[in-house]
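Each of the next two complexes has subunit A plus one other chain: subunit B in the first, subunit C in the second.
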Partner chain A sequence: MSKLKLNGVSKAYGATLALRRGDLEIAAGEVHVLMGSNGSGKSTLCKIIAGSVRPDRGEILIDGHPVTISGPQSAREQGIGIFYQELSLAANRSVEENICLAMLPTKAGIFVDRAALKARAARYIALFSGVSGDGFAATTLVGNLRADQRQLVEIMKALASEAPILIFDEPTSALDRAQVDRFFDILRGLKRDGRGIIFISHRMDEITAIGDRVTIIRDGETIQTLNLSETDPAAVIRLMVGGAGDMPASQSSAPAAARFSAGAAMTVDGLSGAGFRNVSFEVAKGEILGLGGLHGQGQSALLRAIFGAGSITSGEIRIGGDRFDAKSPRDAIRRGCAYVSGDRGRDGVIAGRPIIENVTPIHYLRDRLMVARPSSLKAKAMPALEAMHTKFASLMYPINSLSGGNQQKVIIARWLIDRPDVLLLDDPTKGIDLSAKADLFALIRQLAGEGLGILLYSSEDAELLGNANRILVFNGGSVTRELTGEDRTRYNLYQAAYEAA
Partner chain B sequence: MTPTTIETRPIRPGGLKLWLERYPFLPALIIVVALLALNGAFSPNSLSYRSLTGLLSTYMALIMLAIAQTYVVSAGDIDLSAGATLSLVNVVIVVLMEKWGGGASAVIGAMLAGILLGLACGVINGIVVAALRLQAIVATFATSIFFTGLALYVMPVAGTPAPALFWRSYGGRLLGLPFVFYVLAVLALLLFVLSRTRLVTQLLAVGDDQQAAYQTGLPVVLVRIKGYALCGLFSALAAFCLTGDTASGDPLVGSKMTLYSVAAVVLGGSALAGGWTTVVGSLLGALTIGLVNSLVFFMGTPSEWQNFVQGLAILLVLMAGVLAGRRARA
Partner chain C sequence: MTTVVSFIKQPLVIALLLIVALLALGESLSPGFASADQILRLLIVASLLGIVAAGQNVVILGGREGIDLSVGGVVSLSAIIAGNVMNGADGGILPAILACLAAGAFFGLLNGLGVTLLRIPPLVMTLGMLGVLQGLLVVIRNGIPSGRAAPGLSAFVTQPLALGIPGIIWLWIAIGLFMAFMLNRTVFGHRIYAIGSNEHAAYMAGVPVRRMRIGPFMISGMFAAIAGLCLLGYSGSSFANVGEQYMLSSIIAVVFGGTSLAGGKGGYTGTMAGALLLVILQGILTTVNIDESGRQMVFGATLLLLMLFYGRGRAMRA
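Moving on, here comes the complex of A and B:
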């Protein structure tokens, strides 16, 4: 009998279906791997099991009995423990308090039993002794720990639940080799105890090392469950990609070797900083260079660092032959560098202000405008907005009155009044509709045709394959592969992204 | 997916930082000592046993109120009705003591009623903020008006005297020591006991990161309501001290104390965002406000300038404390 079974579970956030149809069956004593590309619904599925997200439909069975999981507390009572990808730690509490936080041992029902808490936490801390690194002690505040050490605390906290069903949602992303090995030893022990374990990772070598079965999720739907011993990584990746995986990039793709104008728009040489290491490339004038790979492998960090919003520790950037080392975004903008983020709310929209104010800030900065004359600004703003086919009633309406796609068009339009030399696109189509995406990419190609150098990072592989002339695949902060010409296939992109870092 | 970050931050906190992590009220303590020294410099008499006892009994109400505020701030909440709760409990116990004859049993009965009333006010706040999910600042501002309204209904005009037994006990001596010292000792014991409870750890975890606490499986709503209940309890205790000090009922007495209590929490070294608080610091923060006020008085500031100088002094103390803390914790 299966330990945990999910039948047709679904979850929608407004109009977006995060999970269309999730089916999953976990047996006692197995490590069951969940695989799927970014945004395929893995994390949503895990959160439904852990009770922090309520499903709209479907049923959950534990040991064959249908159960209702009303919240994280009820999930714990039903014997489910989880490692959260984004961690669930209290930064100002100590390591031992965090490990035991869910079930604080008590005296007389109201007092914390410090001795019992110490003893219980020590058991789990001891599991990682020798690999937990400097400065890791039971009484250290979690906020003082390094990223990998915090991840270890979250693992210990999940283990401390002693739950028969354990979920690990990317538990190894910050861990080093020795820590991963130790963790896998612990997992093997749990398997022998007959626990059911769900494991998510993006490193193929880890998956084959620890997994028994794998369930593949694509576009919010469970595709298939396979025994890992009877399959090979290539087959798994093919299932994740879907039928069209082996086809070269679609016919709408940009030419592999366009007639680029002479000279490089931007040269990056051995650049390292927070989140990326030793990155070198050249973008020709008129070229769209794609940055691919799994989410959070250093692509955004690199783009932000070039734009002066992140830190650079070594290396060199050149734009049009001159050394370019922007100290701040303000500096970068003055020197002809543009940056569009997919996170409009944080990086783009001036919320609550009229559209015209949202189109013109870059113009103010580049032209050092002191006094704004609405009529002349309007004359400059209109062509930029029209180039994007932006739909709006009046320039004076607040930007919040527009849809997400139209808001993003306004944000891009602000860079079109004074043309930059280099355009950095950081997942620019996040959360916008299909027609807006089409408009956006038509414009991006047109800009490339006019001689801009464009760096495009997208979490949707189809966008990279359809628009980029070349693709650099990022893994663990550095470029692990370059795809050009006929190599630009979905399969190659996935394979490079899932290789061990 | 966690981006691979290369961290350069030192892992092991240095000496001063470690001290501050263990005793976050240290800057507040230094400031209190400095203010005592300044007071002494301007008027040696202000450091006498008698005047210090007086200072303590006058500011004990604010100390209690600051501690009340600390518990809700721990969970990342705030209570702008703490002062109104104090006023309400103040007028209710004065009226009850008078009605019940002013004897020992009347005093004890009224105090029990006052504690229940304070708890009730706290629970109402907790339900409004945590269960109904209204913004803490606005919701407790609204309940403060509501509580003030009740207080005005109970006692429309200030001035009803408290029975002599009550204020004579508070201002008097027991076994040769001022009564307020016993209050302080009981308070210290209470704070020590509370610091060991599961509730306080849970409050701090909720204040640290509410989403994380929820995902951990903590009963976040219940924990926050309990935090407000604790705040209501201490507001009632503050009302007892105030009644003992002023010997009368006043339906508006607490309104201006609310923001002083918030200021005392911050002066004491707590983070207003929650997750990092110190009740000892809040006690010292309340004393800081008291000492600033007495310093302004002893310096012989002309009465029309007193508010100006008070505000300036509190601002300076806040800057000193915050800057020192920031440098050490950075």
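Moving on, here comes the complex of A and C:
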């Protein structure tokens, strides 16, 4: 009998169907792998099981009985334990307290039973003895631990729930080899106990090492469930890609390297920093260089660091032959660098202010303006906004009065008054409509035609395949593969993204 | 109809309607309250408050819980410095102005550095600074006599300068024009709004965030210093904690005028109306014999009511 069964579960956010149809069956005593590319609906499916998202339709059965999971607390009560990818630890509490946080043992229902807490935590700490590293003790504050040690605490916390059904969402991303091996031994033990385990990882070697079955999700639908012993990685990736995955990317502009004879717009040599390491590449004037791979593999961190908004520990950046090491975005902007973030609410939009003030800040800086004369600013802003086909009633209306796509156009327009040399695009189309996307990419190609060097990271693989001349695939913070010309296929992109780091 | 409603719902319009209503109320309680002479006197007092509130306004617009609780201390200190420097002589006015502005800028700079470099929240930083200033005032007054206002300064504040209107009211009008220009027509002003609205986006668009945090505190210190100087001219001689009341009332004037305490939203025109409104309210409370402590209670309650009235759901949402 299955421990957990999902029948035709779906979830829509407004008009966006995040999960079209989710069917999933977890048997007792198996490690069930979930695989799907960025935005395939995998995380929505997990959130539904974890109770943080309520499905619109479909049923969930635990041990054959239909259940309603109304929230995270309810999920816990129904026997579902979760390892969170975004660590959910209390930094100012000790390791043992964090492990027992969900169910603190108490005396008389009021006082924390310290002795029981210590004893219980010790069981889970002992599971990783020998591999948990220096400075790891039951009483250490979690805030003082290294990233891999914090991840171990998160695993211990999930294990301490003793839940019959366990979800591990990328539990090994920070762990070293020995820690992963130990963790897999523990998982095998749990299998023998008859627990049902859902496992999400982007490392193909780990998936084949620990997984029993795999369910593939594509475009919000669970496509197929396979026995991992009867298949091979190539077949799994082929399923994730779907049909036509082997076709080379269609692109109007020829990706010939010879076209970029004008020289390098930006050279990056051995760059390391928080979230990425040893990245080297050259983007030519007029080239669109794509950064691909799974979400959060260092692409955004790299772009932000180049722009002076992240940390760089070693390596070198050059723009037009000159050493470029921006200490702040202000510095980077002055030297001809532009950055557009997909998270416009946080990084771009000056909410409540007129459209014109959202277009002009870069111009203020580049032209060292003191006085903002409306008439001359309007003359500068209008062509920039028109180049983006921005729809607005008046420059004086607050930017919030526009749709998301038009807001993003305004944010991009601010870089068009004084042209930069290098344009960094950090998932720029996130959450904007299709026509705005089309306008945006038409403009990006036009800017490339005018000789800008463009770095494009997109979480939508189609955008990379359709626009980038070359694609660097990121995996675990470094570039693992470069796709050029005919190699720029969806299949190759996935394969490189899912390869062992 | 809806346009009329939304017009009336604008904070500035509400404030102006309230001003008229309060004047009518004052006149009915005590005939002569709304006479030309009385209104001119109210305007002088409102100018003093309005000048302090100008700096407060800039700090609050800059966001990140921006607030300057030290303005009252700077007003008092400036009044004492000015009294001692000019000591009753017109020739001392210019040196007094320079000394006061320097002191205001200095303490504003300290506030700004504390908030940016030491990352102390503005509320705590400027409250601490207020304590320092109050201690400093005690030390100064124990050593030196407090000094007197120069006749020229007193005349500027209390006697008609042009068109029968005292110089300080002209000064306030000039400051109003200056503030409107600075906030709407300068890059500095646009950057104040930008960091007040979305500091991270401003940073990513190349706004020098740290400098833009220090600047408003210096402006606030200098406006408070100007107000202290004028206050000396108004009262003739400085006394202990003469500026104390301005901490709360300057914040109320700013909020009254529709500036959001969360920053990035509002302007000085509303604040001017707010200052006037508050001074009229103060006048009415005096007319009906409510003493200083009672007035402070009413002011505090007013601020809380304002937060409820304007701010529901947006005022403090950072």
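Note that the second predicted complex is superposed on the first by the 492 of 501 C-alpha atoms of A that agree within 3 Å, B and C clash if a C-alpha of one lies under 4 Å from a C-alpha of the other, contacts with A are read in each partner's own complex, and residues count from 1 in each chain.
Basically, a contact is a pair of C-beta atoms (placed from the backbone, for glycine too) under 8 Å apart; a residue touches a chain by one contact, two chains touch by 3 or more.
Computed from a prediction, not measured in an experiment: that's the story for all the values here.
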{"item": "Which of subunit B and subunit C A:I333 touches, first, second, both or neither", "value": "second"}
{"item": "Touched partner set for A:A102, first subunit B, second subunit C, both or neither", "value": "first"}
{"item": "Which of subunit B and subunit C A:V371 touches, first, second, both or neither", "value": "second"}
{"item": "Which of subunit B and subunit C A:A27 touches, first, second, both or neither", "value": "neither"}
{"item": "First, second, both or neither for A:S341, with subunit B first and subunit C second", "value": "second"}
{"item": "First, second, both or neither for A:Q151, with subunit B first and subunit C second", "value": "first"}
{"item": "Superposition-derived comparison: subunit B or subunit C, residues of subunit A touched", "value": "B"}
{"item": "Contacts of A:G352 with subunit B and subunit C, given as first, second, both or neither", "value": "second"}
{"item": "First (subunit B), second (subunit C), both or neither touched by A:M382", "value": "neither"}
{"item": "For the subunit A and subunit B complex, residues of the former touching the latter", "value": "50, 52, 71-73, 75-76, 82, 84-93, 97, 101-102, 104, 106, 110-112, 114, 133-135, 141, 144-147, 149, 151, 157, 170, 173-174, 202, 274-275, 277, 294-298, 300-301, 476-477"}
{"item": "For the subunit C and subunit A complex, residues of the former touching the latter", "value": "185-191, 193-194, 197-198, 200-208, 264-265"}
{"item": "Complex interface listing, subunit B residues touching subunit A", "value": "1-7, 9, 11-13, 21, 196-199, 201-202, 204-205, 208-209, 211-219, 275-276"}
{"item": "Of subunit A, residues touching subunit C in the complex", "value": "307, 309, 328-330, 333-334, 339, 341, 346-353, 357, 360-362, 364-365, 369-374, 414"}
